[in-house]
Amino acid sequence: MGIVLGPNRYGKAETRVVRVTRDGDTHHIKDLNVSVSLSGQMEDVHLTGDNAAILPTDSQKNTVYAFAKKHGIGEIEEFALLLARHFVDETPTISHARVEIEEYGWSRIPGKSGHSFVRSGTEVRTALVHSDGTGGTGTGGTGNGESVISGLKDLVVLNSTGSEFHGFVQDEYTTLQPTTDRVLATAVTAQWRHRGVDAEFAKSFAEARRCLLEAFAETHSLSLQQTLYAMGRTVLETQHGICEIRLAMPNKHHFLVDLQPFGLENDNEVFFAADRPYGLIEGSVLADDAPDAPAAWT
Amino acid sequence: MGIVLGPNRYGKAETRVVRVTRDGDTHHIKDLNVSVSLSGQMEDVHLTGDNAAILPTDSQKNTVYAFAKKHGIGEIEEFALLLARHFVDETPTISHARVEIEEYGWSRIPGKSGHSFVRSGTEVRTALVHSDGTGGTGTGGTGNGESVISGLKDLVVLNSTGSEFHGFVQDEYTTLQPTTDRVLATAVTAQWRHRGVDAEFAKSFAEARRCLLEAFAETHSLSLQQTLYAMGRTVLETQHGICEIRLAMPNKHHFLVDLQPFGLENDNEVFFAADRPYGLIEGSVLADDAPDAPAAWT
Amino acid sequence: MGIVLGPNRYGKAETRVVRVTRDGDTHHIKDLNVSVSLSGQMEDVHLTGDNAAILPTDSQKNTVYAFAKKHGIGEIEEFALLLARHFVDETPTISHARVEIEEYGWSRIPGKSGHSFVRSGTEVRTALVHSDGTGGTGTGGTGNGESVISGLKDLVVLNSTGSEFHGFVQDEYTTLQPTTDRVLATAVTAQWRHRGVDAEFAKSFAEARRCLLEAFAETHSLSLQQTLYAMGRTVLETQHGICEIRLAMPNKHHFLVDLQPFGLENDNEVFFAADRPYGLIEGSVLADDAPDAPAAWT
Amino acid sequence: MGIVLGPNRYGKAETRVVRVTRDGDTHHIKDLNVSVSLSGQMEDVHLTGDNAAILPTDSQKNTVYAFAKKHGIGEIEEFALLLARHFVDETPTISHARVEIEEYGWSRIPGKSGHSFVRSGTEVRTALVHSDGTGGTGTGGTGNGESVISGLKDLVVLNSTGSEFHGFVQDEYTTLQPTTDRVLATAVTAQWRHRGVDAEFAKSFAEARRCLLEAFAETHSLSLQQTLYAMGRTVLETQHGICEIRLAMPNKHHFLVDLQPFGLENDNEVFFAADRPYGLIEGSVLADDAPDAPAAWT
């Protein structure tokens, strides 16, 4: 039996960059968390510690900051692509780059100051980009070796009615009572894959987010899976540049509290919001002509 | 030398209750985290394990749920007072109750559904109430033995300019360069003490929050202490029912990145948002006629 | 374009179970966090909300507790296999089960009590099992459709010397200075795949953990990749039942503090332990005859 | 009504310092998290932003690092005292310093390497020191204006039997059943105040910790309060240099799972470890001749 090096990657994770842009007295800010992972000719560094192929993770961090200055920060998908292509194009030993970005939202504080902001929402916008350089900046191609996934996480939503759960399998360990009215709450993690790498990401994000919220609110739910699928389907139906969406939705249980011992009825009014355990529903929705790209998600 | 029992308290912490109220098809929700602490005749339970004076923490939890049904949940200060007075009034062995509540904000999801919500903001509204029962429901008094503190936490704000820091002490360990333009960012924790226990808490909260944001945005800052004081002063000046405010504001450092090695200038455009260490500024602002009530804060 | 359901799974996550076993006055405890994910005939539930194929996540939780009683809890790999096979064997609509377990360690408190324990270590032992039922309890086979991965996470280790980093790529964004002596610290996440499903998991775990620590300590490191590979290789060389190991090791930077402004030398004595950003090194080490099983890791 | 500045303090929080000391090939490490808070002539900085009295928090951080080099790091109480006295003695505008330290434990990795360590335990050792300078280095006095509190947190312990709970108050919201055998689990936070500032802190800490564990294990508990008091009393009885101890102990509920629906008995064998809500028991135990020092704890 021999022992060999398997798949590997390395990079600088969680570089926190805040970029201020001025438009006279009106400022704009972008607040990102950037994680880079590179792969390529990595045999030597693993087997002998020879770093000749290694671009230091410190240099990767510097690149994030320098690019924030040189190119500004537009949509995070574009910034991720810029970075990913740079690492592959400029470092001969690197053949593949993965760049993941989280963006935190800020709103303006009402008033006269154009430079004052307050963090908005618990929700985080995300991007995940892969590049092997073949879709390089000049080509504008669909990027055989490139992929762009947009998304969001920690979008916490709740329906206080309009959710049922019944007709399920009854085995010897089933004690759950069916219900025709329950609270449905979840923290949505969604990631959607674009067909190309040149989408209008700002518009696409706003639309996808709107679809997710709308489908969550307007689906009369018989199961969280049904809601999940409806959310994904709505995005694909309205956003033709998106070919696949993956959703992970914990069922954040809100248990009806038994108030009968206190002589009180509880007509779906008082709930205990539990922490653990929780249901976890994960699923993907696909256009049937979606090109295969499993590596885009890793 | 003898050994004696000192100050003590016990209770149920972090009871998570969600209350739904229906107005036809339009639902309203309140989402709270309630922590109760009781004290009183506690010698025996500590010295011998005799629980005759102990109202179980489980019963306290039940009370939170039952009260959510019976009384509904209005402003959290009022719900905390109801609970605190109940424990003192109804349990002979309990002479003092402390109730602390966190409230999480929800907004409606736009659209036709009246029962769909999305978590809004990272910020949490808080209340801290003490009662020894003497201000009981009927009296409406200022409550010698009662106190109400309102507040908020995790209100994350940032000024991208309008902040300076210079003229400080230079000792042998000082290497910091003075600056006339820096990013000022913090996560505000604020607690304000009411003169009475019958304030209009919803209005008072909205106004205090507005004052905090406005003063943060509009103070040209020479130090975070100056900003903190301005924020507190603005609340006291406009809200005469509030006699004291305490603020804790971490200086969430945003360090200017040195881009000179890459031939780039950084004119307050690109920042590294650091985690630790951070400055921590804590201070209180008082009306000079504020009644003494240190125990209100514990 | 049509829209179709893609890969999906659902289950109960993070069921926290503590199992006490008595041997006279001497008690033993097992403290687990169990997450179940099932897949199978899931079209209907997604498309129409028909739950006829759905074993409720609540029943899955009940099963964890009932099995803890009926079968006791031995090694977590075995408990995970028992659960996974049960769900596939007993629920006709379920064709695949994934069970993930975290185990928290406890030590005895020294003294006479046989029932008193203290949490030991920050480290968590893990298991990840897949089953499609074909390796059922009776067969003892290698389990075509079954796989067992053991592991650990949050094993935090540090070498205060014996680590160098130099000879790396210099690009226009490289400012890092080479070093021949640095602190190397990481929090190891390791997962190793067994060739079969009948290993001696307790012994195998103890040996793998010992190998990881030993290789970390005794590798004179020229790069974190070299250390990672040495750790993986040592496990594979000594544990022939293991055919693949994956490691994720953040480079928890300890930066040498510049004390020259204070007239002090810092001969690798005083370090700033940084939070973010951090390097992240991920890699796998394989036996060259390792059977292919990418799905085992998902 | 006038508005005035109330109590305030400021400083650098969470400076993470790792100190390596070499004894030939055998290294020793100290891993601390240091938080400094200063107070003094702070009117101007709050009212006008004049920083003439302000020692920058950045200088405080530098001081921590420089002192780690110059003085080494012995017991954290001593290091905290050194720092606190320095700030008060050397900065004319500062009249009071508070230094809080967390220490993370490391063990040696078995083997030949003298420089390899693994993080041990979830538990954190703590110190909290106040100084107004009057107990200065030379005097060795009891330090009227100085106080030293030692402690620990996140010491997670569990008794799988030997705990009862009955005989409690029954009110209209009480549904809890009395029990003569339950699991008792908690995460101990303990802080103890020394009579002087010159104790043998290493020995004292080891003894206090041993007492806490022993009393937890060997108290047959009728209530968590009884256990808490026994733990505190044991420390005070054996450590005469300690005059007060404060304990906060969440009751980490382990609920017996009802297995009857599955035809199984549960004779205190299978438990659900709940997250929230939890009981919270807080209490102090005092020597009856303990000098008054409430400010020591703030």
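First chain written, first letter: the chains are A, B, C and D, and each begins at residue 1.
The working rule: a contact is a pair of C-beta atoms (placed from the backbone, for glycine too) under 8 Å apart; a residue touches a chain by one contact, two chains touch by 3 or more.
Note that the structure is a prediction, hence the values are computed from the model and not measured.
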Repeat of interface A-B, chosen from A-D, C-D or B-C - more than half of residue-number contact pairs shared: C-D
Chain pair with more C-beta contacts, A-C versus B-C: A-C
Interchain centroid distance [CA atoms averaged], subunit C/subunit D, Å: 31
Whole-Å separation of chain centres (CA-atom averages), subunit B against subunit C: 39
Chain centre separation in whole Å, for subunit C relative to subunit A (CA means): 23
Multi-chain contact residues (two or more partners), subunit B: 16, 62, 66, 173, 175, 261-262, 275-276
Contact set on subunit B toward subunit A in their complex: 16-21, 27, 29, 31, 62, 65-66, 68-70, 106, 109-113, 115-123, 155-162, 183, 213-214, 216-218, 254, 257, 259, 261-262, 264, 266, 268-275
Complex interface listing, subunit C residues touching subunit A: 1-16, 35, 37, 42, 45-59, 61-63, 66, 90-91, 93, 165-169, 171, 173-176, 221-226, 228-229, 233, 236-237, 240, 244, 246, 250-251, 276-289
Contact footprint of subunit C on subunit B as seen in their complex: 172-173, 175, 261-262, 275-276
